[in-house]
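Given below, in the form of structure tokens, are the structures.
Shared between the two complexes below is chain A, which pairs with chain B and chain C, respectively.
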Partner chain A sequence: MQITSFSFFLFLIAVLALYYLVPRRFQWGVLLLASLVFSLSQGAKQMIFLGFTALSVYAGARRIQALSDAEKEKRAKTSFSAEEKKGYKQAGKRRRKRVMLLVLLSNLLLLLVFKYLGFFMDQVNLVAGFLTGSPVLGRVSLLAPLGISFYTFQMIGYLVSVYWGNIRAERSFFRLLLFCSFFPQITQGPISEFSDLSGQLFAEHSLKEADFFPGAERLLWGFFKKMVVADALAPCVQDVFANYAQYAAPTVLIGAFLYSVQIYADFSGYMDIMCGLCRMMGIRLTENFTRPYFSKSIAEYWRRWHISLGAWFKRYVYYPVGISRWNRNLGKWAKRRFGQRLGDTIPATVALTVVWLATGLWHGASWAYIIWGLVNGLFIILSLWLEPIYAKGRSFFHVQEHPKIWRLFQVLRTFFLVTLIKVLPEVGSLRDGFGLVGRIFSGPMLVHSLQGLLPFVEWGVLTRILFFLAACLGTLCMLLHSLAQARGWHARHSGRRARFLRVLRCCILAFLILTFGVQNSWGGGGFLYAQF
Partner chain B sequence: MRSFKRILPELLSFLLCFSALCFGAAALYWGTAYHSHQDAALRRELAGSLDTLIVGASHALNGVDPQVLDEALDTSSYNLSGSLMPMHGRYVLLKKELGRNPVKTVYLEIAADTLLRNSGEEYAEGDEPIIARLDTLGERLAYATQYLDLEDWRNLASRVMLRSVQTLFKMARREDPVQAGRGFQPLEAHNVTASARMEPERYAIEELNPQTVSELEQIVSLCREKQVRVILLVVPESHVRLAKTRELDRFHQWMKQFALEHGCEYSNFNLLRDRWTRFSDAESFYDEGHLSAQGAQAFSEALRDWMRGDQERVQFYESYDQALRDNPYSQESWEEET
Partner chain C sequence: MDELLEILLDIDPDVDYETAEDLIDGKLLNSLSILQLIAEICDHFDIEISPKWMRNENFNSARKIWEMIQAIQEED
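So, the complex of A and B:
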């Protein structure tokens, strides 16, 4: 079931109606049923893997909880000496760790097999080909279940949280199954924490005007971003990516910028659709974006783009690596040898390198994504290392942080850099990625006509021009919307006037979606982030 | 229920506003004639005078010039064809015109892809212009309810809205409303060999759409009921297209058999013996499958000659296999050339 299809639209209406018609204590059951139907519509295979993940994590978490409870009970009932207590605690921790690792590795293995086995075998064959002249392994191409990266990470987060004792294991398998398969977030996240989402999923919700209509408006806004902007820009971007070697530098740069707009409209559009839908049901999903293209540095950009993934890596990779014994020892050694600053910076650099390597791999099993992740990490690590030099430079040149012009420069610089990094893995091969970036700096700079500047628009066909204009207008609306959000303009109107304006906005959005979006999404309409 | 009542006013105002916007847009499109297919007024004007109708998809729309036929055959023809026109659309338009004109001959253009196509994958592209060509809202609604499924309604609405925006643009640019000829739409010529790729295309006769075949039978019975001569027509495609298309002979045999069983005539102009001199891939085609204005002129003349019974000037190959032997773009020569 494609999110932009009419059948999904009807599915949403049916879910909403059923959700508010059944007695409230069964509302989560409606969500579970809807999630299972949605997963089933993606194929029976999807259900098997989803079921395995849910069941294994449920059993693992329950076992960890039981061990933890038994340990606590025994500690409360028995009087231990301090040493015995420590030994008993460590033995209990080892037992729980074994269970956690078993479940964690079995789920990661599944993810590795589906996402990375082909890549791994290609590398083995490459090396074997280099050494022996012929590949040693056959080619394997497995179709990964939809959203496996997202729900596996979410469930790992839940399992580790239970292991750390931050939350208690869920008693009901079906409730955990809903958390794992919740249809608004299964294909592209957000990767939610159990503590954030479970309370809302299982709570009873009444139909509230204050949630329903803002949710509906956000849902339409999401469809608009996806169908009118992202899907219209997709062919233009593909054209530039395929023919960058023939195009002038300004055209390639515009193509790269359009890709940045496309991927943002695509991914944040999806989030708006799902956050809007959930809000209509009284559920607030974790936000994944906070105006990322207004960031002043790449590190800030990654705190505002795909927030839930960043938070997951921070919680479950960065901190554990950062405080791991070997990394702390490395920090102590560096502190002794190079002083306090490097003693802090080196362990952080190690943790950041691991995080960005993992982030690259998470996005795709290819060298292009690994390099992409490392380039992102490199910029962040460089800014960490060079921060004292920047500070000195700023004070030397008397650069103030606050003037608008300086902030605007920082925002534009970050957008430019982020765009160049973003296109690297998307052009085809890594060589093409660097080729495209190189073309921006080395291609001919002069273009003599609008047709020459934007050759990907079919200027002879009125319909194509209209679609492109609608996408440009949509981009402008997105920019204004971000500005309005930043300045709180949304909250200024209230009461009848606010309702009138909302109805008007919804009508215009629905009309534009029907006019341009429906046709843009024909023959696909898939989401870019669904591939991850 | 009380909470439902609370959201009802805003929900209703949205639905009302949105419907008003959509109906307004549709009225703007249907009420004007800025698109080339909007010929309802002209056909109303010609009602009672037409004795020959040409109906088919884009091959016929761009390929048959009624004027050439009329000048030579002393007829009054009209080309009812439309791009991607589904068989049920042809039936509806034909029925309407047969009802108000003393029609004697109907040229029914058939291409293999028309019979194979699944209408669900066309996103109502062929249906929308037909709906725009009908006269009243009632006729439009009747067509949509009878022939479109739920998903197509959305696609139709989308197409109508887009047409209305285009209309608005054309009005803003002060373009003149389209002065339709007799339905014929000539196209510019392109050298089709330059962009052609020799990837074989296959028409599997087993995959004929039964719904389309049944609608074709309906059209033939309608014409026979009105005692109208029906000529099943295959419009020429480029030589390069012919060279790479497989299994066309099975389609040709099927058409022959169909014509025989249903008492109509069949003429396949793809198999014209002198097609190599009448048409050139450099000038007679807009793309591999569609004639250019120059090609349409040549084809209309061939059709005229055939109607006159000029046996010397119009001779056909028996099969596509035979034609392939003379085709300069047959596989071997193509490979040599490239």
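So, the complex of A and C:
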């Protein structure tokens, strides 16, 4: 079931109607039923793998909880010496760790097989071909279950949180199945924490105007971003990616910028649709974006783009690696050998390298994504290492942090850099990615006409020109919307005036979606992040 | 507590740690300075901080960090 299809539209209406018609204690049951129907519409294979993840994590978490409870009970009832107590605790921890690792590794193995087996075999064949002249393994191409990277990470987060003792294991399998399969987030996240989402999923919600109508407006805004902007820009971007070697530098640069707009409109559009829908049901999903293109550095950009993935990596990879004993010892050694600054920076550098390697791999099984992840990490690590030099430079040149012009420069610089990094894995091969970036700096700079500057627009077809113009105006609307959000303009009206303005905005959005969006993407137009 | 305040002041002497209640939310401590802080706390108080303690609410004020250290010592 495509999100931008008439069948999904009917599905939404049915879910909303049923959600508010059934007795409130059954509302979470409606969400579970809807999630299972949605997963089933993606194929039976989807259900099998989803079921395996939910069942294995449920059983693992319950076992960990049972071991932990039994251990606490025995400790309370028995009088241990300090030594015995420590030994008993360590033995208990080992038992819980074994269960956690068994479940975690079996789920990661599933993810590895579906996402990375083909890539791994290609590398083996490459080496074998180099050494012996012929590949040793056959080609394998498995179609990964939709959203496997998202729901596997979410469930691993739940399992590890139970293991750490931060939350108690959920007693009901069907409630955990809902957390695992919740249809608004299964294909593209956000990757939620159980403690953030579960209370809302299982609570009883009455129909509230203050949630329903803002939710509906956000849902329409999301469809607008996806259908009027992202899907209209997609063919233009693909044209530039395919023919960059023939195009002038300004055209390639515009194509790269359009890709940045397309992927933002696509991914944040999806989030707006799903956050809007959830709000209509009284549920607040974790936000995944806070105006990322207004960031002043790449590190800040990654705190504002795909926030839930960044938070997951920070919690389950960055901190465990960063505070591990071996990494701290490495920091101490560096401090003795190279001084305080390096001693403080090296543990973070190691943790960031692991995080960005994993982030690259999470996005795709290819060298292009691995390099993309490491390039992002390199910029963040460099900024960490060079911060004292930046500080001296700012002081020497009397650069103040706060003037608007300096902040604008930082924002534009970050957007430019982020765009160059973003296109690397998307052009086709890594070579093409670097080729496209190189063309921006080395291609011909002069273009003599608008048609020459924008050759990807079908200038002979009036409707195509209008659709492209609508996408450009949509981009401008997105920029203004972000500015309005940043300055709190949207909150200035209240009462009847606010209601009237909301209805007006919804009507305009619906009109634009029906006029431009339907032709762009109705029944097709998958989401870019669904591939991850 | 005084020892903890000294560690915090070594990381950033410009912050008033006795009153600040938003060290994480106000971005006074970032993910680099938290790693520095953990390394110093582990050395000074001879404890191991497991990742389960790495939650924003445990680091938002000196008092919260102190409570966390005491909880870990009690647990050990």
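General remarks:
As a convention for this text, the second predicted complex is superposed on the first by the 530 of 532 C-alpha atoms of A that agree within 3 Å, B and C clash if a C-alpha of one lies under 4 Å from a C-alpha of the other, contacts with A are read in each partner's own complex, and residues count from 1 in each chain.
The rule we apply is simple: contacts are C-beta pairs under 8 Å (C-beta built on N, C-alpha and C of every residue); 3 or more make two chains touch, one makes a residue touch a chain.
Just so it is clear, the structure is predicted and the values come from calculations on it, not from any experiment.
Judged by the touch definition given at the top, the superposed model places A:Glu83 against neither chain B nor chain C. Once chain A of one complex is fitted onto chain A of the other, the partner contacts of A:Gly165 are limited to chain C, with no touch recorded for chain B.
Of the two partner chains placed around the shared chain by superposition, chain B is the only one that A:Ala510 touches, whereas chain C remains out of contact. In the superposed model, A:Leu462 lies in contact with chain B only, and not with chain C.
In the superposition on chain A, A:Pro347 contacts chain C only, with no contact to chain B. By the touch criterion defined above, A:Ile323 lies against chain C but remains apart from chain B after alignment on the C-alpha atoms of chain A.
For the contact definition in use here, the chain B contact set and the chain C contact set of chain A share no residue. Interface residues of chain A, counted against chain B in their complex, comprise 5-7, 20, 206-209, 212-213, 462-463, 466, 499, 502-504, 506-507, 510-511, 514-516, 518-519, 522.
By the touch rule above, chain B contacts chain A in their complex via residues 3-4, 6-7, 10, 13-14, 17-18, 21-22, 25, 123, 150-151, 154-155, 157-159, 161-162, 164-166, 169. Interface of chain C with chain A (complex): residues 31-32, 34-36, 38-39, 42, 48-52, 54-55, 76.
Contacts from chain A toward chain C in the complex involve residues 86, 164-166, 314-316, 318-320, 322-323, 325, 328, 331-332, 344-345, 347-348, 351, 384.
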